[in-house]
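Okay, so here's the structure we're looking at.
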Amino acid sequence: MQVFLERLFDGISNGAIYAALALALVMVFRGTGTINFAQGEMALFTTYIAWGLTTKNIPVVLCLLIATIAGFTLGAVTERVLVRPIEKRSLLATLIVLLGLFLALNSLDGILWGNQNHSMPSLFPNGVNSFISVDGARLYWANLGVWLLVALLVGAMFQLFNRTRLGLHMRATASNRESAALAGIPTGRILLLGWGISAAIGAVAGVLFTPLNPDALGLGEMFPLLIYASAAALFGGLDSPGGAVIAGLLIGVAESMLSGYVSAIGGQLQEAIAFVAIVMVLLIRPQGLFGSKEVERV
Amino acid sequence: MRAKLSLAGAFLCAVSTVVLVGGPPAGASSSSSNTYKISTANCSNPAQAKKKITGTLTLGFSGPLSGPIAPFADAVVQGVKDRFAYQNAHGGINGVLLAEQAKDDQFNPAMTKSNVDGWIQSGSVQAFDEFGSGPLAAVAEDQNLACLPLLLASATANEYRNIAKYPWTTEFLPANNVEETAEVKVIQASFPGQKEITVDVAEDQTGSGAAYLQGIQAAVKGTDVKIKNVVPFTDPSTAAITLKQDNADAVFGALVVPECVQLTEAMAKVGYNPKLTVQASNCGSASLMFQPAGAAANGQKLVFWEKDPGNPIYTDDPGWKAYLADAASVDPGALVNNTYYETGWMIADMDVNVFQTAAKSSLGLSQAGIMQAARNQNYQEPLFINGIKWVMNSKEAYGVMNLQPLEYSASSQSFKYDGSLINTCPAILGSSNCPSGL
Amino acid sequence: MTTSLATTRQQPLLPVRITQKSPAHRFLQVFGIALLVALAIIGSRTNSFREGQLTQALIYASAIAGLNLATGYTGMLSIGHSAFFGIGAYTTGILVSEHNWEPLVTFLPALGICFVFGLIVGLPALRIRGINLALVTLALAVAFPEVIDRFPGVTGGTQGLNIPLLQLLPPKWTGISIADRFAYYYWIAAFLLALVLVVCANMTRGRTGLAMKAIRDRETAAAAVGVNPAWAKVLVFGVSAALTGVAGSVFAMYLGSLSADASFTLTLSITLVTGLVIGGVATVIGPIIGGLAVIFIPYWTENLRQGETEGLFFGVILIVLMFVMPDGLVGFAVRISRHVLSVDPQPPKGAGAHRLAPLVPPTSEHHTENGGKEMTPLQRPTQAIPPH
């Protein structure tokens, strides 16, 4: 039982981050109709900024705040400067530009902060003894804190979408940009906000997740996370924020359980399995678990 | 969380090659049957291979100068440069100056091949060094055909110790079977009298981990040590949970930097303290791989060859003091306490020994002369743990065959010697093939 | 656009107009081919190091040409072609080193296996578009090294697969000595590239080419006029994968040592896309320029702080090119050249030829043109985005 719980906790921690990143991906997709390939690298960039600040002895909470603002800015600027002019041309062009951003950001991280791995301090007490015991299994404060913060974040996003005017405008823009514009909604600003918030979510996810393992901050950190988050977003339905979150958690727990209990996979085929999951989803139910079927007008 | 730093690990592996061969003094008993004679008959350009080098001797270095291992690689390159600079300030090799030409290959074998082909084509280097088994595989045949010496490659693959097939290649790192044989002995010594000792292996997911695993699987054959489970080390916490569940007598970290310290911390986090943890030699840096884990690393063991920087044991050691003085004479700010810088200095020091031997030989300071000297090198490297010597001859290409067991002490934050030197030669080559004193 | 009004006035000097399939056109085509052949011969006469670099460039050019079919002509972004390249390479590697096949013969199974894998990966394309397929290819690129590592018995796993040089040497009948073996690999790469380009040129002409472009530009409309987008996409993906795969086979011969984690990762996929974009999507010669670019640009910038600088450089290039030169170097050159030379389609035969306006513009080869301003593939919208 103890081992099961430990694997479960591990899975929920990972799942929370996949959920947050998936939520960010879905937000962008709903607004702009494209997957932000560079989502992971934006998160990494802002995490590096946060880490750099912690080495100057700035309190972690403040670093998180700064990173979030930096993330928002990065997302908004990307939308305005890179995505909006290009999306008129074609989807392919947009995807390529985002791919370029992915590459450029990752390399920039290496140039600015060097290429060895670093450990990131946590917002929560992260010592060897900072845990509570659940039926013998250890639940570390850092992990619990991550769960709570992500839950808060997701909750806040839902409030935003469903209970505020801004959220209404965002949903309208996502559903039909043209009609929304005609109805007087400043769609340009809405899209800008959407990308900004999405990148900010990524920043928070990065700063929360990186301290969970020592030496986790490195150039390749966000890679696998992007894959899992994309799988989660697809699985849940690219236009369903709720679906993305649920799928993210499911994938996190499933990964932990499979790695632990199915020895044929062990820890080795994780991304391959995500790949198979993505393909299966797309074949059987392209709109994901909770998404809506896309109707294309000629 | 995936940690793919096999490069750093292999690098440290490269660094920590110490050969202990308390063999006979060079020359005294190197009977002609043990001396290797290089042949230039199959070279693509025999004249080039025999040409005496004048003016400057350039050593090429192809390694990951960008990417995660770059800081380590940069330090090695610097160590080589400084040792060469020191030699140049003291007459070079009979007046021939030494230079280094470092090229980045991003640990990509295709790029290593490009670099080496470029050197072969241009003739701008007379010998080279490289980093990693993968890149070595891509260039081994080309460099042997061209008779361009590859001296002290940072790799462990035994395939390239085949003297007949790869006469122009030597490897610096101890072979995996050498290291693992010693580690199995350490495990056995830690459980005296116990009938069967179980070991869980935490395996790094790159080629280095696979090589370590093969090494230890071979080394436990016929012993009372049994491998209970092999745990892939993709995510430290997941691996730690599995290790705890298995609860073997010992945990062996077939890992590369920085996974070793991640293993220790992850096990501590799940509340698992194995009776014995053995770390791989490439993690042999007390300050980087043990001290950050604090008390959790106390009592962990490894086998090692070199004098690790910052260890108080060596404060009065003549070899260590000479190193500090010589490096400072070249550059007062030299990173003498950086393990990788030290490795670079060590490799260059061994190269200098080879060059000097070659210059005195009948083949002179030529590519052929250098290779012949390298294949017969018998040298007490001052930065190796005392008693560990480097030996190569026509019968064996292992270089280092003796290793010192170490134990980490959290209170002193450094390694202590844990017993006497382990001689792996009888187990690997059979006692009849081990020269006296070995 | 072309003939009727202009004939009543004096023709301007430029652009020079020639008709498709006329003797003048044919002459230009032959001249172009002869030029390429001459360049290939010049390339082979350089020193063996340069020849090696050119060989790599030619291999990448073939891989990029394969990618071009799926991404350039049909609009299906794939960042997973590194996996097909790898499958081809490992097919050759395993057949040669473990089953002693003759290297050149392994190209056929490599083609076949990669074609099948391409079909499989393209299957999701039956039901989805654009982004989703791109995500599938991303996951493929990341999963491929893992799968290779998982089966060390067959692939050598993380320690890699080495093909002994002896088995890769030029066969006796070529008369090339072991010292000149670089020339052998060079010509294999060159011949393969020629074949690949011929296949691409033929596929993108005529009905298939029309179908591909229809899918890329207006998929639903294409379906409405009888093009079956689903199967066309899957087939194109299969061929695209096959061509990139066989380039991987040559790579295996050239390098002799395979390591999935080092050589066949997402980085390679991105490199191929970068080369495609630099050279020019939906052009026939674009891939050649792309292949040269991805080999020589890093080489020339070697002395700057490499690795990261290279990544930053290529990332920025991708972005800038999309804004400034979406049709790549070759596309740009072709557009410029249209001011100098324009190849008009043959006048339609018989009456009633003008009754049905084509739904998509007539096929254009990379150096033919219908006189009008043709939007480049990356400029045509694939989904209606209202201005805001």
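Chains here go by letter, A, B and C, matching the order in which they are written, and residues are numbered from 1 within each.
Simple rule for what comes next: a contact is a pair of C-beta atoms (placed from the backbone, for glycine too) under 8 Å apart; a residue touches a chain by one contact, two chains touch by 3 or more.
What you are looking at is a predicted structure, and each value in this text was computed from that prediction instead of being measured.
The pair of chains sharing the greatest count of C-beta contacts is A-C. With respect to chain C, maximal separation of chain centres occurs for B (centres as means of Cα atoms). In this assembly, the C-alpha centroid of chain A lies 33 Å from the C-alpha centroid of chain C. Chain B and chain C have Cα centroids separated by 43 Å. Our note on geometry: chain A versus chain B, Cα centroid distance of 41 Å, whole angstroms.
Residue positions 110, 115, 224, 268, 270 of chain A each touch two or more of the other chains.
In chain B, the residues that reach two or more other chains under the touch definition are 4, 66-67, 70, 205. Residues of chain C found to touch two or more other chains are 149, 305, 307-308. Here chain B touches chain C in the complex through residues 4, 44, 65-67, 70, 103-104, 106-110, 113-114, 117-118, 120-122, 133-134, 137-138, 141-142, 145, 157, 205-207, 209-211, going by the rule given at the top. Touching chain A in their complex are the following residues of chain B: 1-5, 8, 66-71, 205, 231-239, 241-242, 244-245, 258, 261-262, 265-266, 268-271, 292, 294, 296.
Residues of chain C touching chain B in their complex: 47-49, 52-53, 56, 149, 152, 157-160, 162, 164-165, 178-179, 255-257, 259, 261-263, 302, 305-308. Within the complex formed with chain B, the chain A residues making contact are 3, 6-7, 10, 110, 114-117, 128, 138, 140, 212-216, 218-221, 224, 256, 259-260, 266-268, 270. Contact residues on chain A toward chain C in their complex (touch as defined above): 29, 33-35, 37, 82, 85-93, 95-97, 99-108, 110-111, 115, 177-178, 181, 187-188, 223-224, 226-227, 230-231, 234, 238, 268-272, 274-275, 278-279, 282-283, 286, 296-298.
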